[in-house]
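What follows is a structure written as structure tokens; I'll ask about it next.
Read from first to last, the chains carry the letters A, B, C and D; within each, the first residue is number 1.
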């Protein structure tokens, strides 16, 4: 079984030596080891995937002892991630995930798809996934979000994936899933925050459009960016044409972000990400 | 000699028929003809390049009579454009233009390079181009700009190219050269307007950086966009690394914009461009 | 109802004038008109989409009279295209088409999916599309192909789409569908013709991989190219990693080619395509 | 002073631990450390850049002792590379290098530019670089190459850069500079090997063109690939248009390759490269 070791600590001379020596002495096989030192904050990041038997808890303790105070360390078996997907009406990102999942190209278990409209029910059910309709109508935002929280709670998901979920989540909601909600926004952030980014892009007359996948935080479209993709457009594109052309970009950006997440490759550093690939 | 016909008018049935028939009846050879109809504003754009002898003024009049009221029409010999370049300290966009010009890859005549610092003088002079130092120090912005205006006036340039000119031009300056000042901004606008866009990009933690070439208007970095380019970056890029990596993007975006401009391919439509390539 | 006029003829002065005048005189509304003149072969290509009532046959005759001898002209109502898809075992291109079709993003009617294996049956049936298993085993290539021909014949499809159909079609098969069989090859042709292009790419140590969608002709992977896409890879990619990474490239190249085809935008010029977008 | 440690050996458990521990015990500061294990050949690659005082020779010996037999190891001060450039008539790659060098963006010393034509002399001399004309006319290939070898020998260059040098070098020449001759070929290899790749690309009707920078080996255009870039083209591009459009691609691919080379980031593995960035 593969294990993934993630370390995030103040940088210090000898960290790689100490950590790799412990792994070596315990006869573990390193499959992949990646490090990054952020010079601005003097922070060391490491992702190490290894195979081998051994007392994992003991190894974890040994490594911990070698790290600076306040270091963050996780060491877990590599496992399939549990995911809840939120959607609204648009299908393309959801379809993409359902198909990749159906053919075992994404190492996730989709616990359910929750949507505030019903038009995607038929699609979701085709793939044997539970579709849950939670309408936002005739209730407060708080009530709407509470229903979602209540439903997702039982799955204890590793990630909530907003596959074109078009409602803005409150701080209260977000704090239940810190750095666990992955959104796809249909612009190259920070351009065109908020509603109708393709309309905004069209009005501005830009020559590239893009998509951004990011973790959701308190501030709208301001969370740590995981993946961005762009494509060229020109004056012949209406806002609607941009929207159509942008779909593939959105699917690819979200799929990339999701792959990094389920592979335990993303560290959040302030409002940025360090992605060890 | 090639001529370029540019038309910008309210759309109307039969425009292509009428215009192309006049050209045909005058035995002109169409080298390239491109049209675009903007549906939102119901506007017709045409660029037609042709060869052939004939009374150009008479042809122009005939076409004009067939167009809706308020149509804009120009019909001129295709000619080398006169350009004045403004720079500050960074060389890469300027170098790129100088080299392309030196090897006749840009159909322009560079009348002079004006800079508010002197470090690029040696480079410019290598290519036999006049370098003019106009400092912004110890004078008002008005006085600084007036010096530039006075110097450029005598050349009556077709375009002013801001090849990393790092001073913000006033409305007063801009109104002397409407849609004739081409700037390169080191971000994918509208993200990161204003100073230090790479620093802003770094702080935001984005995964793509870009460059935008646009016409300069009254509002900072808000003019009609001509060309945009992006490249991927990641967490390992410092703001300085982004700046270095962005240089090629800037050079390519500005070169593309300049090529469109000198080839008479750009129409300005409100705050957008229609580029008939 | 929209009509699409396609013309392919020797170039001649006045063609645009004559054609557009006939359309104008018949009070037709041009939605989009694109022309290209290939200088090397002196050939004129035009695609014109228009709306309006009128005697289409009469208009067609009038235009034909104005064209040079041997000109090719079609003028048909714009219509949904009938498509038969051929597949083998890989799902990604097929899934992509099924999903786009299901959500009405591709203006096609999928008559059936024929595959020489059965693993995709379940997927295809989910979308209410007929899945036909025609095995290539225990029979000659001729017999195998004849079965496919017999089955497709009744649908009289506009296009056969090879969505990762891994059998090489004989000249005899191809001649039944000239310029109507669209293939996706998993390399940037003409590099890596034939079997296992990702393996070939890996062995050669290339830094980009690609996909090519093209019309199928007699010669393996030599037909007119419609669309190509590439992405960057590096030394860390195994042949299998390239295969995975290439899937999105393949999907996008095939989807683009298919969109051009169903929109009647592709002319075949010798072994090349002219695509009027 | 920075040192660069390069290791290339059979893979073995504990290598990172052993190497990093030696560096740590000698109180060296690791600036950047990158490893790659090629699973197919079971080979370990490492590039480690560090600062610090110490007995470099002693450290090198200690590390060597820990490595498997036949391991290759170099440990040298990071230094400016000496480069001789070969050119023919085209300027764009040469210009690019001259300009980057002039503004200290490439950490190289250009010892001279050798060309078999004279049209680039004026450009080269502008930058204070020696231009050497060695004609290929009226002499055997052997004699021509011997002249170049004789001239370059005295500089003992780290790299020979073929900046659009259009003569094919013999095996005899190449063996003097194994993995030290960097070429730029104007196609995405392995497509369009040999002469006139843009003409070949045009004839084939491709929708992307590219450029490849690679080490030169005995076999024409078959050496280890360092960098590749592509751009989209369409049916409107003549072979000449492709050539023009391809220039920027060539410049960028060569500049990237050169940057990797002068930064000691490239390992040659059989006929491939491992580039530790």
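Structure notes:
One rule holds for everything that comes next: a residue touches a chain if its C-beta (ideal position, glycine included) is under 8 Å from a C-beta of that chain, and two chains touch if they have at least 3 such contacts.
These figures come from a predicted structure and were not determined experimentally.
Traced through touching neighbours, the fewest hops from chain A to chain D number 1.
At the interface between chain C and chain D, two copies of one sequence, more than half of the residue numbers in use are shared by both copies. A count of C-beta contacts for the chain pairs B-C and A-C puts B-C on top. For the pair chain A and chain C, the distance between C-alpha centroids works out to 36 Å. Chain C and chain D, compared by their mean Cα positions, are separated by 40 Å.
Among all residues of chain C, none touch two or more other chains.
Taken in their complex, chain A has these residues touching chain D: 13-14, 16-18, 20-21, 23-25, 27, 29-30, 33, 35. Interface of chain D with chain C (complex): residues 36, 38-40, 188-192, 204-208, 210, 224-230, 232, 234-236, 238, 269-275.
Chain B meets chain D in the complex at residues 91-92, 95-96, 99, 102-103, 105, 123, 126-127, 244, 248, 252, 255.
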